[in-house]
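First subunit A sits with subunit B, and in the next complex the same chain sits with subunit C.
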Partner chain A sequence: MSDTTRKGNTMATEHLLEVHDLQVEFGGEDGPVPVLRGVSWHVDRGETLAILGESGSGKSMTAQVIMGILEAPPARIGGGSVRWNGRDLLGLPEAARREVRGQGIGMVFQDSLSALNPVLRVGPQIGETLRTRLGLSRGEARDRTVELMRQVRIPDAEQRYRQYPHQFSGGMRQRAVIAMALALSPDVLIADEPTTALDATVQVQILRLLQTLQGESGMGLVLITHDFGAAASIADRVAVMYAGRVVETGMVRDIFRRPAHPYTKALLDAVPRADRRAGQLAALPGQPPVLGKETSGCPFRFRCPLAETVCEEREPVLSEHAQGRWSACHLGKDVIAGVLTAHS
Partner chain B sequence: MSRYIMSRVLQAVLVLVGATFVIFVITFALPGDPVQALAGERAADPAFAEAIRARYHLDEPLLQQYVRFLAGALHGDLGQTYSGQDVAQMLGERIWVSAQLAAFALAFQIVIGVGAGVLSALRRNGVADTGVRIFTLAGLSIPFFVTAFVLQLVVGVKFGWLPVAGTEDGFLSYIMPGFVLGSLSTAYVARLTRGQLAESLREDYVRMATAKGLTRVRVVAHHALRNSLIPVVTFLGLEVGALLSGAVITESIFNIPGMGQAMARAVYLGERTTVVGVVTVFVFVYVVANLLVDLLYAVLDPRIRYA
Partner chain C sequence: MCSPPILEVTDVTRHYASGRRWPLGSASRVHAVDKVSFTLGERETLGLVGESGCGKSTLGRMLVALDRPTSGTIRYRGEDIHRLSRAGLKALRRKIQIVLQDPYTSLDPRMTVGDIVAEPLAVHGEGTPAERRNRTRELFELIGLNPDHVNRYPHEFSGGQRQRIGIARALALGPEIVVCDEPVSALDVSVQAQVLNLLADLQEQLNLSYVFIAHDLTVVRQISHRVAVMYLGKVIEVGPEGVVYGQPRHPYTQALLSSAPPTDPDMAREQEVIMLNGDPPSPAEPPSGCRFRTRCWKAEEVCAVHEPALVEGAASGHLTACHFAPAASVQVDG
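On to the complex of A and B.
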C-alpha cells in the first residue's frame, strides 16, 4: 500500500477516514496564525495509525476538526477535507455531523478526569447515547452499558455503574471514557493521548485494551501520542507531525528501523532504551518554530544537522523516497541511508 | 452527615443568640427616650412614664431585659408594642405578605436572571449578549429605589398597567415591587450564570458530550448547565435572606404591609420590641437558608461529602 496520498486527479481507493490537505488557522491580533498547514493522513478498517509529534504540532487539533468540536472562532478551517467513507464531513450541516459522531467516529479524550462529567454517575454517562440515539429503554440501556463496561474490563461493572467519576481510579476512568466512545460501535476510534495521564503499568494495559477492542470489532484506530513506545507497540502505520504538517509517514517497522526524516531520527535518538548503556540521552537542540512567524524553507532546518542551501529556499513536500517511505525532506534518501551530517 | 447537621444547627443557635443580643444592645443605645416619644411634644407625666417603664421592664438592667426576651422568644412570645399589640402575632400576619413579595422577586431572578444568562452564554458576543450586558449593567448600577419610582410613574401612573402601590389588587400588586426588589440580584444572577456557563462549555466533559453525538440542547441542559448552576443556586439561597431585609425599603415605597414596613415604622417610632422581633425573624430565615444551601451542595455536587 503506497497510495498514502492522492496525486493530481487520480482518485485513490476510498479510505475509511481520510484527512486531506487540512488547514486551520487562528485569528490573532496580527492576522491569522496557521496551525495546521496541510495535514494529510488516512486510516482503514482494522488498521491502527499512530500520529506522533510533540506538543503544539497539531495532533489534537486535527482530531477536533474531524469531530467538529473545534472552537471556531477563534479557529478557522482554511481548507482541505475530512472524508469518512467517502463523505466530506466538513461540508455537512451540523445535524448530519452529529449523526457521524459516536456512531461513525468515536473519540477518547486525553484527560479522563476532565472528560467525565463530575456530577453524573459513570454508568448513565456511558450509556447516554444508547438512549438518546438508539432509543433504548432505561433497562435496555443499563444492561448494554454494563456489558460495555465489562468489555473494557471494568471489574464489578454492576456496582461501578452507580458510582461517580471521582470514585474511579485513573485507569478505570480511562476505561470508562473508552466505553463511552465505543457505546455506538463507531467505525473509527480516535484516541487522543489516552495514556498520557496514567502510570506506566496502566498505560500498557490501556494500550492492550485498545488493541483487543480493535481486534474484536475491526474498527480503524487512530492513536494520537507523543510516546514512541506506545506507537511501536500497537500501530501498523505512523504519521509524524512537525509544525502543523505530516513530515513522515510509513509502516511502523520501516520508520523505527530507518527514519526518512531527520526530525523522526532525532526523536528516536532521544528515546531512552533498555538495551543501550545508560548515559546522556540525545537531545534535540533548539525550539519548535513559533507559529505564525513567517519563514521560508523547511521549518525544521534550524534544528537539522543536515540542513543545506536548498532547505532555506523552499519547503519540502511529502514525497516517496523509497518504496512506501514518504517524508517531507529534500534529503530523504540520505536520511534513510544513514547520512548524519551536512555535505558542505 | 448527621454529626455535620448537628454541629451546623448548634452554630445556627449561637448566631441567633449573638445577633439578637447585638441588635438588643443597639436599640438600647439608640438616642431618644421611647416613653417620651409616646407622649409627643409635651413632657411625659412622671407617673405615666413610671408605669410604662415598669410594664415594659425598661427599668431593668440590659442583660436582664435580654434574658427576659430570650425566654419569651423560646415560647414564641416576642413581647408587645407600646400600643399593646402582640409583636409575634403582628409579624405572623405580615410575614406572609413579605414572603409573597420575596417569592415574586426570586421568581424574577430565576426566570429572567438564569434565562438571560444562558442566552448570553450561548450567543457570546452576539446581539443578545450585548443586550443582556447593557441591561445588567443598568440593573447593577441604578439604585433600586430609583427604578421603583420610575416604574411607578411610567407603568403605574402614566400607562396604568399595574397598581402603583398597596396590595388591594392581589397578584398584580406584587409584580412591580417584586421586580424592583429582585432587579439588582437578577442582573447579578444573569452575569453569574453567563460566566459559569461560558466556562463549563469549554470543559472537556462538555466537548466529550458533543463528541459522543448528543444534541446541542442535551449537551447544554444536561451537561453544561447543571454544573454552572451550582454557584447560582448557592447565591439564590442566600438571597432569600437578603430579600427580606431588602424589603424594608421596597415595602415602604410600595406601601406593602409586610415585615419590612413594620420594621421601618418601628425604627422611626423607637419601637424596640418590634425592631428586635423583626430582626430575630430575619436572622432566623437567614441562618436556615444558609444551612439549607450548604446541605444542598452535597445533593448538587456528589464530590462534596460532609463528615
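On to the complex of A and C.
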C-alpha cells in the first residue's frame, strides 16, 4: 500500500478509511426500507474507533458496504461514499474491490464460528489467502501462517496448525479468525463484535490482543460493539448509531463523561455496574425504532426526555456543538451542559 | 435472610453420560453440576454467575424439576421436589416457575401471546375461560404490556416485549420462586434495564424469590442480594452481593471481576486486569483437585491433589472454595 500523501491543512485531510453519508435501503413489500440513512465516520492510522449502538442500528450493514459484500439486490446503495487511502471504493470494479478486501481492509465477522470450515485443518485455512492472493508456495505459506498464529498468541502454533476447528476452544478459534483477517497485512481491521460470543475472562484476552496487534502494526481498528466497557478500555474515538445514522461522534473521554446526545446519555445510564449496585437503573422507555416506518423529525424523539416541538418538525443533522463534540440533536449544547444529568 | 429458606439445595450433582459437545471422548461423563449446595430465602434473589457451560442452566432446570439430579436433594419448604407424587409435582409447578433466555425461540410462534400467557392457567384448570381472559389482561398490565394486544402473535413483539410475555406466563399461577435463566442476555442495554427494573418491581409487589442466572457480572450484581459464582459445575464462592463484589476471595471471582471494565475511560484503562491462561477446560475432563487450577496463578501442588471445600471465611455467609483464599477479605476499591 503506497503511503498516501497527507494534504496540507488548507484542505480536509485524507483519512485512512472514511465513510461519508452512506445510504442503503432494502426493497420491501411496501416500498424501499432505508436501513442506513446517511452514515458518516472515519478512522485514521494507529487509531481505534468504536461503533456503538443497539441491535439493528446499522453497524454491521455499514461494515458490509465497506467490504463490498452487501447482497445487492435485495439491498441497494442509495448514495454516499467509502474512501480508503483516498480511493473511492464504491466506484471500483469488483476485481479491484477484491484486491482491497483482505489486503487493504481486513474483517472479523460477528459470527466468526462460521468463518472456519469445520472439515479443514485450521492452519491451511488461515494460509489459503497467502497462496491464492500473494502466490506464496505451500512451504512459505505454512511458515508465514505459523508466524501469524504466534502473533495472535496461539500457543503451540506448530501443532495447532494441523488441528481442526473443533479442537480449538472458543477463544482460540477467535484468535485463528483474527489471524486470517490479518494474513494479508491490511491497514484497517474491522472487528464486528469480536468478543460477544466469548466468556468474560476470554473477552479481555481478545480485546487486549486486538489492542496489541494494532499497536504493533499501526493499523486503524474499527471495533463494532455493544459493550461500553470494551469501548471505554480501548477506543480513541466513538461513533454512536441510532436508527441508521451516527447520532454522536467524538473522543471517547468526552462522550463517556459528557455525552452530547440524549441517546448516548441514556445508554450510559442504563449500563449496570460491577462496582456498585444502583437502586433502579435509569431505563430508557420504549423500544429501539423499527426501520422503514416513515417518521418526521428526530427519530429518537419518542424516547427522548428532552423532546420539544422543534424535534417533531425537523430531523437534526450531525453538527458540532462544541470543539470536537458532534451530535445529531437540536439541543446538543444543553445536553453537553448537563441539562440531562440532574436526575441521575 | 433469617426466615427458614424456601429452597434448600444440597450436594446436587448432575452428570451426563457423554458430552454433547465433545463427541470424541465418547466414554466420558460430563460433570455438568457437581455437589452444589445453597439456600434461597423468601423474597431473596440469588444470582448464579459463571461462564458458558459451567452448569447454570442444568442447575436451573433441576430447580424447577425439569431435570433430575444424579445425586443430592432440592427441598422446597422442606420437601424433596424429586420425590413428589404426580399430584405433588403438579402443585409444585404452581410454586416454582422458570423464564428462559431466548425471547425469540421460547414462545410458540403459532399461539397468540394471550394464549401463551394463559396456558399454565388452562393446564391447571384454573378458572373459567372468561376468568382466565381477565387474569391474562391483568398479567399484561402487571408486566407493562397493552392488554389489548393479547390476540397478537409473538413475531409482532420486540425482544424486550417477548421477554415480558415470558415473565407474565411464569407469573400466571402466582409462583413463589421464579428461576430466571439469562432473561436479559439477548436484550439491548436500554431494554435490559427495563426488564431488570420490572423484575425488581415484581419481586416487591408479589413477594417473589428469584434464582437469577446470568453470565454478565454487572447484571447479576444489579438484581441480586446474594451471589454464587460457578466454575465448571461447582460453586466456588458465594456470599452477599456487596461482599462478593467488594472483597472477592476466590482467584476466579477476582479475575472475573477484573475483566468487567467500567464505562469511565480512565478507570477502564487503569483497571488491573487479571489475565487467565486460555479458556475454561471441558467439563468432560475436569482437572483433578481444584477445577480452576489449570488457569489459576496461585495454584500449588496441593491444588492438583485435594479439592478445596466451600468454607466460610472471616465474614459470615461468605464462602470460598480455595486452599489459599486470604484469611481476611481483600478489599477491592469501590
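Just so it is clear, the second predicted complex is superposed on the first by the 324 of 344 C-alpha atoms of A that agree within 3 Å, B and C clash if a C-alpha of one lies under 4 Å from a C-alpha of the other, contacts with A are read in each partner's own complex, and residues count from 1 in each chain.
In this text, a contact is a pair of C-beta atoms (placed from the backbone, for glycine too) under 8 Å apart; a residue touches a chain by one contact, two chains touch by 3 or more.
What you see is a predicted model, and the numbers here were worked out from it, not measured in a lab.
J.: Could you tell me whether subunit B and subunit C fit or clash when both sit on subunit A in the superposition?
T.: fit
J.: What is the contact status of A:252 with respect to subunit B (first) and subunit C (second): first, second, both, or neither?
T.: second
J.: First (subunit B), second (subunit C), both or neither: which does A:98 touch?
T.: First partner only, subunit B.
J.: With both structures fitted on chain A, tell me whether subunit B or subunit C touches more of subunit A's residues.
T.: Between subunit B and subunit C, the winner on subunit A residue contacts is C.
J.: Can A:171 be said to touch subunit B (first), subunit C (second), both, or neither?
T.: The answer is second: A:171 touches subunit C but not subunit B.
J.: Could you tell me if A:282 is touching subunit B, subunit C, both of them or neither one (first, second, both, neither)?
T.: Only subunit C; A:282 stays clear of subunit B.
J.: Using the touch definition from the top, say if A:202 reaches subunit B (first), subunit C (second), both or neither.
T.: In the superposition, A:202 touches subunit C alone.
J.: Could you look at A:302 and tell me whether it touches subunit B, subunit C, both or neither (first, second, both, neither)?
T.: Once the two structures are laid over each other on A, A:302 reaches no partner at all.
J.: A:26 contacts which: subunit B (first), subunit C (second), both, neither?
T.: neither
J.: Once superposed, minimum distance in angstrom between C-alpha atoms of subunit B and those of subunit C?
T.: Superposed on chain A, the two chains' closest C-alpha atoms are separated by 7 Å.
J.: Determine where on subunit A the residues touched by subunit B overlap those touched by subunit C, and list them.
T.: Residues common to the subunit A contacts of subunit C and of subunit B do not exist here, since the sets are disjoint.
J.: Please name which positions on subunit A make contact with subunit B in the complex.
T.: So the residues of subunit A touching subunit B come out as 67-69, 71, 94, 98-103, 106-107, 109, 111, 114-120, 128-129, 132-133, 164, 166, 177, 180-181, 183-184.
J.: What does subunit A use to touch subunit C in their complex?
T.: It comes out as residues 54-55, 155, 169-172, 199-205, 208, 226, 228-230, 232-233, 235, 252-253, 256-257, 266-268, 270-278, 280-285, 287-288.
J.: In the complex, go through subunit C and note every residue touching subunit A.
T.: Residue positions touching the partner: 51-52, 158-161, 188-194, 196-197, 200, 215-219, 221-222, 241-242, 245, 255-269, 271, 273, 275-276, 278-280, 295, 333-334.
J.: Which positions of subunit B touch subunit A when the two form their complex?
T.: Of all residues in subunit B, those touching subunit A are 202-205, 207-216, 218, 222-223, 226-227, 300-303.
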